[in-house]
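Multiple structures are listed underneath, in structure tokens.
In the two assemblies presented below, chain A is common to both, partnered first by chain B and then by chain C.
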Partner chain A sequence: MSNIVLRLENITKRFGDLVAVNNVSFDVKRGEVFSLLGPSGCGKTTTLRIIAGLEKPDSGKVYIDGEDVTYKSSRERKVCLVFQEYAVFPHMSVYDNIAFGLRFKKLNKEEVSKRVREIAELLDLDELLSIRASKIGLSEQQRVAIARCLVVEPSILLLDEPLTLLDARIKERMRRELRRLQREFKITVIYVTHDQLEAMMLSDRIAVMNKGRIIQIGSPKEIYEKPSNLFVATFVGSPTINLIEGVLRVSNNRLMLSAGNGDILLSDYIEKPEVFREIFNKEVIIGVRPEDIIIDPGGLLQGEIRYIEALGDRMVLHINVFKSIMLRVLTDLYTRVSIGDKIRLRINISNLHIFDKVSGERIINMR
Partner chain B sequence: MQMVDSGVFNMRRIIINIIKYMVILFFILWIAIPVAWIISLSFKPYGEWRTASFIPNKPTLDNYIMLFSPRVLSAFIAYTAVIEPITRPMINSVIVASVATLIAVGIGFFVAYGASRYNSPGPFTLFFTLLTRMLPPATFVTPLVVYYTTLSLLDNVIGLILLYAAASVTYAIWIIKGFIDSIPVEWEEVALIEGAKPIEVIRRVVLPIARPGIVVSGLFIFLLSWTELLFALVLTSSQAVTLPVQISKYVTGVGPLYGAQAAAALIGSLPPVIIGYIIQRHLITGFTFGLVRT
Partner chain C sequence: MSYLILENISKIYNNKTVLHNISVNIDKGKILAVAGPPGSGKTTLLKIIAGLITPTSGRILIEGVDITNKPPYERGFSMVFEIPPVYPDRTGYDNIAFPLRIRKLPENEIKRRVEEIAELLNIKHILSRKPSTYSGGEYQRVALARALVLEPRVLLLDEPLKNLDAKIRESMVTWLKDLQRRLGVTIIYATHDPLEAMTIGDKVMILLNGYQKQVSTPSELLLKPVDLDVDEYISIPALNVIKSKIIEVFEDNISLQLGKHVIKVRKQLPMQLSSKEVFIAIRPSDIIVSDRGEEKMISGKVSSIQYYGRGQLLTIESEDLVFRVVVDRLVSVGEGDVVYMDLPSDKIRIYDIDSRRLLG
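On to the complex of A and B.
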């Protein structure tokens, strides 16, 4: 058996004039958690539905376990989908819900009962088996939906925004639970979400989607550290990355950004000025993550705190530098600052992201 | 001060309750008195049919016996009418109403499913299934007689079954569609993914949830077909006569046979009451709806 469980080849799907999925291709390896991450309407759910066989692509191919399943119905594919709203059948007991898929598999009653009970125990549902599914809570419904999927032993488990409906505390628990189950079953998971934090924490790899296209595929670390364009840079990361437009210049190993109203000295010493040669005099947008700006009395930038946003354990300072540029700076809660303070800042140049102003593409890697 | 206030409030509530119960009582009497009168009339001997007393002086089962063997009692009634026993019309009515109901609900379910799940043929077309109910029924009588003559469906239970099913299928469509609309498509999709064939999806997911709608529309259509008089009167003569038509036939040269009519009406109202009693569990969900969304 090959290591590739799922392969999408040039999948395109239109709904009328809208191109919901545009020439999407990717491979998913056995046992990996692969996330489709993007804003609502980016085509991630449609992609998932195409994998599940609920939508037929207009063009392109879907392979599961090496077999072309593009024109096969859902029940002929070894996939299972947990919907955002779980779709637990309210007119059946929890037991009947979990056993639903096994009824079509020509198993005897004892075998069905054995498998249902095994799964139920793993998911902590064994005490709910006889209860009507309309009587149980949301997080239990979710576990029932997952159990109903796992019991039929699919090659791929598809999860469509499974945590969106849960409140924060349960969300965290379910996130750990999902990870544990995935490891225990060594099952391949395709996870659709609009929440970048969730994708970052759960995935082995992430495909960032926008407007029906895949923008970047990579590990959470790659996506975060080397966003391939402005969209990925702004979509991933919270608080959002700082963007400053201008033209980069290097003179005497000093890195400067000529913005609309003057030059900003970003760094007074860079080791390899030749890296920047190709973008001299080019309009760029530089991206600096809020954690890459550090409060430092010896820093080159000076700014005034305009607004402080508390995130619980951390703070986001909104700092006005250089007349009209507002920077978001992430600090810990114990930094003693107040609105109106004038402070000096240093930018961590090695984590600078530089994008072409016209195309939005990433131009150079600093590291 | 507060005490006085709540006292006034209680007073007002009591008065509102009194009015409420009086209104309810009024409607109960409005419905119950005619029924009670028919019950009483059905046990009255011929001589008392036109008396105003509620309780029969000499209660008798003559009226009921007359329904099943009319000739036995013909001597007792002043004028002998040639009347058929009620047995055949009863059997006809049971067949016509139940088969028409099954057809209407069966077709209605699948039309409702299609209309709910697929946009075509669009809400406009679905609305026009109500067309059969938008004109006064009398409009259809003449053309139907013409068609039915050509098709040899006059005085034929099949003719009535087809007519009743066609005229009432729209109720089944609309009532059942409401239930199917409330079933999220995801439930069906999950079933498909879990390995169910489309027909199994309908059997295991859609049918159980639409069941109250099916039962309610079935009862409704059964009642309509059971009590229909106009078309049955025109389209039948002897073989396919239904119960309501038969009741209208208990008329003699000296006037209607009130006692026999009352007895027949009571017998005729038993099946709907029994069916309603059996399915009342479904009726409650059927009328109140709302069970489905979780």
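On to the complex of A and C.
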């Protein structure tokens, strides 16, 4: 069997004047978790519904296991969709909920019971089989919804924001749980979410979407460390990346950014100044992630702490440099600083992102 | 004197106590975040403060005046709910003006106040539009504007950001905090998310099962949680909690049995804790991992890696123990690697097995 489980070819879907999905193409490999990530209205859920067979595309093709299923119904496709609201039947027992997935399969009672118990055991639901679904917790309900899907052995499991309604702590546990299950079952998962952290922690690859289009496809590491444009750079990562407009200049291996209020010396020694030749005198936007600015008494930048924000076990320092530029700097909780402190900062130049000011596209790779 | 004082507030429904003696002082212009999982009593507490529910016992004082038995409209508070009702058939302007029209303010005064608040909340562009055209963040800001236009003494927010996208939510938190600083309004903010609470609150109250477990600044809370329940609740990713036994207590350190390992921890504990069973807790970001080991370290095998940009969450299995550890994104580590863990003494917290209180 081919390594490609799902192929989308130039899928477009319109709702009236709105192009919800605009010429979207990608392949999903067997056994991977592939996320569609983007803000509300970016087209991710419509794309998922097209894969599930709940929407017909206006143009383009959907292949599952090499077969063109574009015009096949949902039931004829080997996919199973778990919705945001788990759609667990509250009046039915956990057993009946899971067995419900097998209702079209014409299996005898023993076979159904065998399969349900097998899945239930793997998902740690075996003790709950006789309990009503309304009596169990949210995270258990989610596992029931997933079990109902897995029991039919689909080629692809489709998950539409399955964790959105859970509270933050359970969410974190469920992320680890889902990842473990996926590994154990080696099942292919397509995961839709607006939460970049969730997408990164769960996925092998992510497709970042905006306004119906795919902006970038890559591993979490590629997406985070080499965002292809400003949209991806700002959408992925928390706290949000710092952006500074200006013109980059290099002289005597010193890298300088001419911004509104003068020159900011970013680095006093860069190894390959020729990398920058093509963007001399070009207006750019540089992106520096908050963890790539380090408090360092020998740093080149001087700033004043204006505001300190707690962020769980970390802190975000809002630091004013060059009068009008505010930088977000991430530090751990044990850093001893207070508002008004003047501190020196060093920018981790090898993780600098440089974007064209006009097009917003990434223009240089530092590494 | 504190601006707003809650004194021994309790609430009993059908013989079930949902709030137990809540007592807290809030200074003028500050934010108190009330954090707790769903069902912990947050909304009930906010409704009691708003005057929508009467407490079974206890008092509420504002600027020294007892308002426990005053109706909501005499308190000068505003409350915004998780899903705020915004009238779908009215424009943004009419939605925001609504509470002022009920109070029969002159139209020119209404106009001035609506425009002022819209400017402040950055929603002037939607004043003539109806709610169906708003984004989630705009919708939430219209609801906030309607609460703020009354110039409330206290603003009560119940999970105001719960239904927003993660990214919008993050910027709304910063925005709200900034707005609060400029307006100087006193806010009580309920959320299920401990990180959000610690980000937004000047002080945070941890409310678990109707009990007020701790009220402190975010950093105090992180450094000195009063018990294991609080420590577990505020730690994301989930806290490492291991059942352990104190083998022996020495003058300035103790030896602990961790699975098959014995580690020394610098802590001063009473001698009678020798051979006592305890829970030890350490946050995933406080464990130090390296690929070369010393004898005092615990070795384990990396069973899964979750990369998330600024860090990686590792699951490390060491015989019968499982650790969750956060490392920097630049650490190169693969699944199946053997690594060594150092648990710094000052980051380990020891809890009593029965009372779950902090021992040291």
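In the analysis below, the second predicted complex is superposed on the first by the 365 of 367 C-alpha atoms of A that agree within 3 Å, B and C clash if a C-alpha of one lies under 4 Å from a C-alpha of the other, contacts with A are read in each partner's own complex, and residues count from 1 in each chain.
As a working rule, a residue touches a chain if its C-beta (ideal position, glycine included) is under 8 Å from a C-beta of that chain, and two chains touch if they have at least 3 such contacts.
Model, not experiment: these values are computed from the prediction.
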Label the relationship between chain B and chain C on chain A in the superposed model as either fit or clash. fit
Just to be sure I read the superposition right, which of the two partners does A:G137 touch: chain B = first, chain C = second, or both, or neither? neither
Which one hits more chain A residues, chain B or chain C? C
Please indicate which partner A:F104 is in contact with in the superposed arrangement: first for chain B, second for chain C, both, or neither. first
For A:F89 in the superposed arrangement: first (chain B), second (chain C), both or neither? first
Just how close are chain B and chain C at their nearest CA atoms in the overlay, in Å? 14
Please identify the positions on chain A that touch both chain B and chain C, taking each partner from its own complex. none
Listed in rising order, chain A residues that touch chain C in their complex are 39-40, 167-169, 172-173, 175-176, 179-180, 183, 194-198, 200-202, 220-221, 224, 235-240, 289-291, 309-313, 330, 332-333
Residues of chain C that touch chain A when the two form their complex: 37-38, 135-136, 165-168, 170-171, 174, 177, 192-196, 198-199, 218-219, 222-223, 233-238, 283, 285, 304, 306-310, 313, 315, 329
Residue numbers on chain B that touch chain A, as the complex places them: 184, 186-187, 189-197, 200, 204-205, 208-209, 292, 294
In the complex, go through chain A and note every residue touching chain B. 52-54, 73-75, 79-81, 83, 85, 87-91, 100-101, 104-105, 134, 141, 145, 148, 152
